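Please see the structure below; I have some questions.
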């Protein structure tokens, strides 16, 4: 689930409705740094059994400012289980991301994201596979395939359509259960469920979409329902 | 109102703000089946005077699995007033939908929906009129004209524009107050209000749009305001 | 912030998370007139230090119905700090808007909006500058540059792109800190922050976007981050 500043009562509502369906919450980019209730919200998610992660852009800025030790203390104080390591701004020197995954996985669950935030950045399946393999070897628990909150970069073209040959390359070369596919739109979620099965790991799910996504997984919505069409009149 | 998994406190907020404007809440497709607080939420809406319905896709799957009796018990236990009977997946044999309307209207208010979920399905005004008439004769309280949550099928083309000749055919052949027009977008709501008057039955309204819709009905938003433009400077 | 009918608990959540970042809340168009909890919500925002304003369309209708005195009493009873004076429906006779700004600024903070609600209305930078200057001279505290909730009129073309020469003309001719730019979309908010700095006044911000906007202002999101791209591998 992508949390971009949900309120405490909103989260209590969400957990009561759908807490069983949430494994991992990412507090997006720098939201956890400006949100006055972030610490309480992290604890609330954890009380329902979900792990909580910081967002990748925040760490990229931390690294650019050479403040990794301060980040580590801040994240520990915040109480998150996980941190995301990414290079969405393409500002890290070669090898630095792998080092960060290794360093941070000593203290945190590490989610390593692959893909640029820029819509115009080229997307190479070979480069993604290489980077994801390096991240997993360096200690990442999961790798995240970039889609942003918009669903228009990385895994998707600028119209939101899935780059299916990219997905095929990833699931051929890597263990699918270690990949989280960012899939903010219903059409994208339905695509992954039809293609990779109902247990596929999906990310950047809006809080309001947790129950709708569960119905997609169960085939209880038209987009993934598998009723055999027999002698229907139309 | 279309509820796709609203929280208890969110609903309390909504009812305090706008409870007077809500006649009927549909808990969409299979949401009520996966939502841990569904029963409490049904009771909450009813305490404010709204009727509550299940969604049509759920019943279509029930019928495909031949579990109608179990559905009936489940819906009774859930406490809903109404059930939606639809054939959005186009999987029912001829005549089966009419039978379901007749059977279920002995125990529940029946909302009978007309129209396919598939964007590519042909839309015939004659077929809609025939099916709606059959549904009303079989005992449906209201018929629902399909628009989905997206506003891009049935009543609308894939760009969300109203198929006005379809609407004209429906309101010519049927009592308008027995039709609920699914109209999730503001532009669609404004169109129906301008064309059919401020009391037109509109469906698939998001909880956050209940008050905005009321302002459209009252002419308190630019899209439906009817100030005479006189000697304005521009 | 644009409030289009937020619930009391939703507002409490928002103020706990992000109250420090909210200066002014506009209850949009006629929402405050139909919302059963409007008075409580106005007081709640004010308790967190935010000023609250009515929407412009409501006042336009009041003026068309010649009920300005009743409006004044109603707004006083509601407890708002501010009222918006606009001519989005282009129905006011020449000079009337300036008179309204002057009259109402004796009792309320006045926000004077410039720009039509109609997507097809011509947009003239010269006319906007003249009208904004007249509004400020007549006593408006701020002038608002129209963008609507959609971000597709006034400041923007129908695809949501900023009319940059219009913005340049406004900030050249007027004090930038007296202008509120309606900017409902992330791309529009990022554009203004990059062009006019992190303290630019932005309006029509959805409650859920208050924290995300703050991260844009601070450069903690990819869209406005200013990391120097050095020897990055990609």
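Each chain gets a letter, A, B and C, in the order it is written, and its residues are counted from 1.
Throughout what follows, contacts are C-beta pairs under 8 Å (C-beta built on N, C-alpha and C of every residue); 3 or more make two chains touch, one makes a residue touch a chain.
Predicted, not measured: the structure shown is a model, and the values here were computed from it.
Although chain A and chain C carry the same sequence, what matters here is overlap: shared residue numbers make up under half of all numbers found at their interface. Superposition of chain B on chain C using C-alpha atoms only gives a rotation of 120 degrees, nearest 5. For this pair, chain A with chain C, the centres built from the Cα atoms lie 34 Å apart. Annotation for chain B: residues touching 2 or more other chains are 9-10. Touching chain C in their complex are the following residues of chain A: 4-10, 28-31, 33-37, 57-58, 60-61, 64, 87-94, 116-118, 121, 127. Interface residues of chain A, counted against chain B in their complex, comprise 9-10, 12-14, 16-21, 208, 210-212, 214-215, 218-223, 225, 227-234.
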